[in-house]
Amino acid sequence: MNDEKVLFEIASELSKLCQRNIEPRILRPNSQTVIAVLEEIQALLYPDYFLGISDDNINDHVCYLERLGILYWKLTRLIHNTIADQCKPECTINLGGCKELTNSREKALSLVKELPNIKRLLNLDVEAAFRGDPAARSHDEVILAYPGFYAIFVHRIAYEFRKRGLDLLARIMSEYAHSKTGIDIHPGATIGESFFIDHGTGVVIGETTVIGNNVKVYQGVTLGALSFPKDQNGNIIKGQKRHPTIEDNVTIYAGATILGGDTVIGEGAVIGGNVWITESVPSNMKVVNKPLIEKKI
Amino acid sequence: MNDEKVLFEIASELSKLCQRNIEPRILRPNSQTVIAVLEEIQALLYPDYFLGISDDNINDHVCYLERLGILYWKLTRLIHNTIADQCKPECTINLGGCKELTNSREKALSLVKELPNIKRLLNLDVEAAFRGDPAARSHDEVILAYPGFYAIFVHRIAYEFRKRGLDLLARIMSEYAHSKTGIDIHPGATIGESFFIDHGTGVVIGETTVIGNNVKVYQGVTLGALSFPKDQNGNIIKGQKRHPTIEDNVTIYAGATILGGDTVIGEGAVIGGNVWITESVPSNMKVVNKPLIEKKI
Amino acid sequence: MNDEKVLFEIASELSKLCQRNIEPRILRPNSQTVIAVLEEIQALLYPDYFLGISDDNINDHVCYLERLGILYWKLTRLIHNTIADQCKPECTINLGGCKELTNSREKALSLVKELPNIKRLLNLDVEAAFRGDPAARSHDEVILAYPGFYAIFVHRIAYEFRKRGLDLLARIMSEYAHSKTGIDIHPGATIGESFFIDHGTGVVIGETTVIGNNVKVYQGVTLGALSFPKDQNGNIIKGQKRHPTIEDNVTIYAGATILGGDTVIGEGAVIGGNVWITESVPSNMKVVNKPLIEKKI
Amino acid sequence: MNDEKVLFEIASELSKLCQRNIEPRILRPNSQTVIAVLEEIQALLYPDYFLGISDDNINDHVCYLERLGILYWKLTRLIHNTIADQCKPECTINLGGCKELTNSREKALSLVKELPNIKRLLNLDVEAAFRGDPAARSHDEVILAYPGFYAIFVHRIAYEFRKRGLDLLARIMSEYAHSKTGIDIHPGATIGESFFIDHGTGVVIGETTVIGNNVKVYQGVTLGALSFPKDQNGNIIKGQKRHPTIEDNVTIYAGATILGGDTVIGEGAVIGGNVWITESVPSNMKVVNKPLIEKKI
Amino acid sequence: MNDEKVLFEIASELSKLCQRNIEPRILRPNSQTVIAVLEEIQALLYPDYFLGISDDNINDHVCYLERLGILYWKLTRLIHNTIADQCKPECTINLGGCKELTNSREKALSLVKELPNIKRLLNLDVEAAFRGDPAARSHDEVILAYPGFYAIFVHRIAYEFRKRGLDLLARIMSEYAHSKTGIDIHPGATIGESFFIDHGTGVVIGETTVIGNNVKVYQGVTLGALSFPKDQNGNIIKGQKRHPTIEDNVTIYAGATILGGDTVIGEGAVIGGNVWITESVPSNMKVVNKPLIEKKI
Amino acid sequence: MNDEKVLFEIASELSKLCQRNIEPRILRPNSQTVIAVLEEIQALLYPDYFLGISDDNINDHVCYLERLGILYWKLTRLIHNTIADQCKPECTINLGGCKELTNSREKALSLVKELPNIKRLLNLDVEAAFRGDPAARSHDEVILAYPGFYAIFVHRIAYEFRKRGLDLLARIMSEYAHSKTGIDIHPGATIGESFFIDHGTGVVIGETTVIGNNVKVYQGVTLGALSFPKDQNGNIIKGQKRHPTIEDNVTIYAGATILGGDTVIGEGAVIGGNVWITESVPSNMKVVNKPLIEKKI
């Protein structure tokens, strides 16, 4: 059999495997669009830093409004394609009668309205990073070159999407930040003001984690689940609080692991590097590993 | 000396250092082409998710065939440029007489033929991720937002390239996945069905690792080498089994390190977080660290 | 209130928050430009590997000179926008009178002159990776697919920018490498010849670290600060040596943590995986963790 | 003087010539944006033909709405930048108080509302081209490959911009069509239904031309001004009717020139090729050149 | 009614006008794809001139083959989408059973096989231009900067498409050349060897024109139809010979118009500028206009 | 023979026809680079109009200098590739010894120095267009939407290239303007101040034309050669004055043809539409066609 015939057969076989013959196709959010929306929000919140290349005249206030207007429409469509399984033919000629569309526009507008508040929170995060790292030389450096700031920036946005029931969009965003920074914050996590992660690679913050204000976290820290409760059929029960609670002013050093939904790290506590914790720690307590190394020549 | 003269001198010096005066230039695979091929395969295996932006009419079956045909030719050239050191002038006017070209086309066709099988394996991996993570809400989420799925997706392709002697292409692919996910799977590793890595940052799976079915791995896990045997001249001996064997249904929690080519983790065993293992573990055994922390106020 | 009015109000509010009404705008380095400059340097140092797609005729020596000349001008502007807070109107019509511009050109030229030396150092790093990893099959593989090589490549460039007082540009570069590799080397770190990081995810090398020749480091290694000395007002004192010194021929295995500005790892020492070190280690000593696991069925 | 100094001087001199030191800069419509808007309208009016490459899912009705919404905002900004000389600082924080913005939004909305009507007119033009050219094989061919159709498509849009006082935007559009087709229709020209230009290169239709229904025009036809009346100071008087009136059902063959604001070509008249006309022609009359060639061997 | 409601209504109305609710959509050739194919053929026929920017290594013979292979698949799909009205669902999973696909592949292959012959003809056209224009300084100049050469280049390709029944693709190509050069050659025209058009703007060569060898044509020349015969219902009869025949070695100066299907310009004749011809001219005759100007002060 | 074999054969045959096996390849200017250089010059001369989209901060004077510096290097390479037939290997490592390079840099610098003067001439052309066309509403309109202005803009640049012996680059530029405007001005033509072409399609201005100040030309005007003198071997003699001389303040209406190297149109003369002139016209004379039409019902 010659090469072309092989290509024919593989195309047919893949087509069947991918169910490409099903009409009409189901709508799905496109990852690239989600990321583009995220970057547009970044540009709107920090125009001096991220509008550079594509903006011809930022001093022009209508440019700002135009971008916000376009964001609103992009959000509307993105949300619609996420919450509607597929388009009904009649919607095409009667847009006003499409409930998912109305719903999507409301969510889109509500997200746009949240932006100033997100900006205020981020300003506090920038300040926390600047104060918390002796190597930080300027606020500019934090905004342009701190992975921990990028991670909390994306989280504060993804969190708002999830709050409006847009879990998949939120997860695509959080995974994008994870890919860029090595910091994996689930959009469901609740995080207080003035949060700072330094270095950050390997940090995991689980779905039901609750974090207070002024918390500082280093690379490799896991705020995870201890075990997954199962129902009588042996299936994992989804939705329960499985991750710890971290109160205000806590510092968690590199590589520490804190597990369990009932575990509470009390206000002002300090968790040392590489420590493994599955029970609550009282306020202001310091927890470290006992030294256990062996030296030989 | 004025600035321009300096530029002249540096250009000459760099030219010598880079041996840019050697003719004809040696062929090398271009990383961007390798990644483009990887992304084209992704689009062909999951068209509903990844064809969005660039595909004008996916319901058109010839579009599918066209993409497969183009992939075949791109693979042919990429493979040729990898296995042939440089083009002989006579090949230019007698393509049929170029052995490397014939060889490349055979490998390209064989890779295309493998695609439906890869797709079947990936379907099992998606299912494993969905069942294994209480936070997973849909198969869509796994495909679009799980780094562990992306890593195994790339590995299953890279593995097939390596099997056909295309080690460098396979490594460029695996390193691309590493860069995006923080998960470093060497293309040489043998991995069974229904494999799932959660979070994933910091996972390292070495070249001669063998993994069974239904294995679940968390972030920061290392399946590594214990030591590198050297020959009598003190040079590292390449190619020996240096990495562990993980049998079916094993779970390995975050930060665990398992080292050595003779180390076997028996069926159904559970390896706790941060555990350091250099010897085999029997089936169904659970291994955890002794708690060793110290608390002070 | 209808949707459009909402957009008006949010645009006005964001505008105030972002102080977009301040004239004239302050200059800031654009991250994308910094990364483009980094990639251009990569192309100039390894033309056979990275010039592929955009270069029409690399055998043409003027192409090489043209790229160097363009790099020089791009550097000049980038540096100017970093060191000058904002443009004075009179500079626009008298470029010769702009001191920051003269200063920027000198720094740009000095950086270009450093390139051949950087190339020589990188050649040694490639060799170190090839010799140090049994899985490495060729120098090509190291250059194209080793994150550790990419990290040291960027570091050697970022280090030169910092040496010339261009800290922010250096940090944007180092964070870019961190994002791609999971390896976080502060541009201030001093690193000797023939340096090799394997796998690399999670490695952190702090600002005042000093590393000798022939040092080998594995994934998850931290060379960090033990504590941050504060002045009498409780503010962190910036600029002191807070990170360890690693002498020649040291190997540090995965997950090891070495902290403190006075901590010295002596020549030829070997630091085992996951070890936690806050004091100096003498030359040629080997340090490992005591085994502490518990097994249960 | 070395080369760099020369560049400094030229940059300073050009800067002065271009008055680049004036702050704040005056707003001007960007040609590329105008053309992008034109092409977006083309895509919305003929989605089957022109949405192909960039549209991921045209069956999705929200996609259609999203594009219309984005068009509306782009138009708003484009119009604002055309009618406002420059931004006032206070507008930036009180968008509602910017009259030009309100005005721009009204014009933008009014243009969007005109689109269905333009589409209806264009359908008639397609039909006229199909019926009028024996070489036309399908409506598809007219829409995809007839310069005459492209010219009237752009004119019908440019005409609406001009009607709303947006002369410069209209002219940028008409000149773009001129550049692509060689057909130069001034946006001020009034053109009836079912208009067809065949081949078209060299056609010029002046600002105050009035054309009825079912008119057919061939390449090289000029509908121009006879002379330009001047005021007592010798300045050309702008705004008077200087170009001819063409009534219904007229055909004008290649190269004919018809000049003068009082010249009327009566209903059903036929103007032969290369004819030069400066006076009115009665209805149904046929005008041709007398043959005047000379032959020699 | 607020602005958003208006957008809803216009979107619904346009949707109806564009029949966007019809499923499944009819396939149509995409103009951009047609032009891309044309430019790929140009690059393959004149690689030294047009491969520059996108080709990394043209000396690599597999690059050449890869491009030809990709061209073949792109042609296959393009042709399929032109000759098949819409995809049948069953074709998706049985590509071998799709007759249009088989047909398309045959046409695609046949076109690829024609390329060397087209190249040979074009070499003669380059030579004719170089010899025929005193201002031509090199063959390079003809290939890179002569609109007349570009027009005949596109025509020779479009002609082959039309010969295989692909009229619409051919017309999109010829109209693209028209747009770039102002030279409008219908793909149906038969043109002999060594053809040269100088300057070219405004040239029109009709569908049934027949041109011999060594013919030279200047700007503004029309080879057109005299009148369109109609059937008894008054409809234009399509397909008849309506345009003139130009024999070998004829020269036609700028602005000349030659009309009619029975008009033959005999071998070696010279047609002067602006001459209007509707009857045959014997061999070697020279035809010019009688001078008829009037001078006044 | 199967399809793949055919592709092999065609690739081999085309390879032979294109002499792709010749090493090393001959350098040639790339059209896209020439056009990019032209557009960069346009942006530098009219930054308010053409820098919009790609310029992040035009108020930054170093941006201006950077662009000029980059232009200088791009010109250097472009010129080198035009005047040097191919690179000698030894040049690669001794750039200072490459005479063509030195020569190219001198030409590049000399062109950059010419820019302010070109700008001054263009300002006069803008003014001439504004005064000369009753439909012109602003200088902006002339700069953004007048093909005649674009043509003279390109000509004034192309003319300087040709003056420095860079004929091919000049011709690529002039043909680009021809393609966009339908106006074909040979780079060799000498054109005075305050030149204006209205509409412009079909205008041809030959290589040895000489035009004075304040000349106004309409669409379709040809300033051409009467005949081409041949040497005793029948070859066209290149380089003689073949095109007319137009003195100051002449107006030439649409479609007029003026031929011959000895033909002089005296100061202030007016040439009517469609007039055919092969002999000199005295100063201030007006030349028009005698009316010759025939009317029938």
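All chains are identified by letter, namely A, B, C, D, E and F, in their written order; residue positions are counted from 1 within each chain.
Operating definition for what follows: a contact is a pair of C-beta atoms (placed from the backbone, for glycine too) under 8 Å apart; a residue touches a chain by one contact, two chains touch by 3 or more.
Computed from a prediction, not measured in an experiment: that's the story for all the values here.
Across B-C and B-F, it is B-C that has more C-beta pairs touching.
Rounded to whole angstrom, the centroid-to-centroid distance between chain D and chain F, based on C-alpha atoms, equals 25 Å.
Note: centroid distance chain A to chain D, computed from Cα atoms, is 48 Å.
Between chain B and chain D the centroid-to-centroid distance comes to 55 Å (mean Cα coordinates, whole Å). Each of the following residues of chain E touches two or more other chains: 3-4, 8, 11, 15, 20, 23-25, 30, 52-53, 56-57, 59, 61, 64-65, 69, 72, 92, 95, 105, 182, 201-202, 220, 255, 274, 289, 292.
Chain contact topology: the protein chains form a complete graph, every chain touching every other one.
Contact residues of chain F toward chain B in the complex are 4-5, 8-9, 11-12, 15-16, 20-21, 23-24, 89, 92-96, 105.
Of all residues in chain E, those touching chain B in their complex are 24-25, 27, 30, 56-57, 59-66, 69-70, 72-74, 76-77, 80-81, 87, 91-92, 95, 98, 101, 104.
The touching residues of chain E, counted against chain F in their complex, run 44-50, 52-53, 58-59, 61, 64-65, 68-69, 72, 105, 109, 112-113, 115-116, 119-120, 131, 134-135, 137-138, 140-141, 144-147, 180-182, 199, 201-202, 219-220, 254-255, 273-274, 289, 291-297. Taken in their complex, chain D has these residues touching chain B: 2-4, 52-57.
Every residue of chain C that touches chain A in the complex is listed here, in rising order: 3, 6-8, 10-11, 13-15, 17-18, 20, 23, 25-26, 28-33, 167-168, 171-172, 174-175, 178-179, 182, 184, 186, 188, 201-202, 204, 206-207, 220, 222, 224-225, 228, 236-240, 242, 255, 257, 259, 272, 274-277, 281, 284-290, 292.
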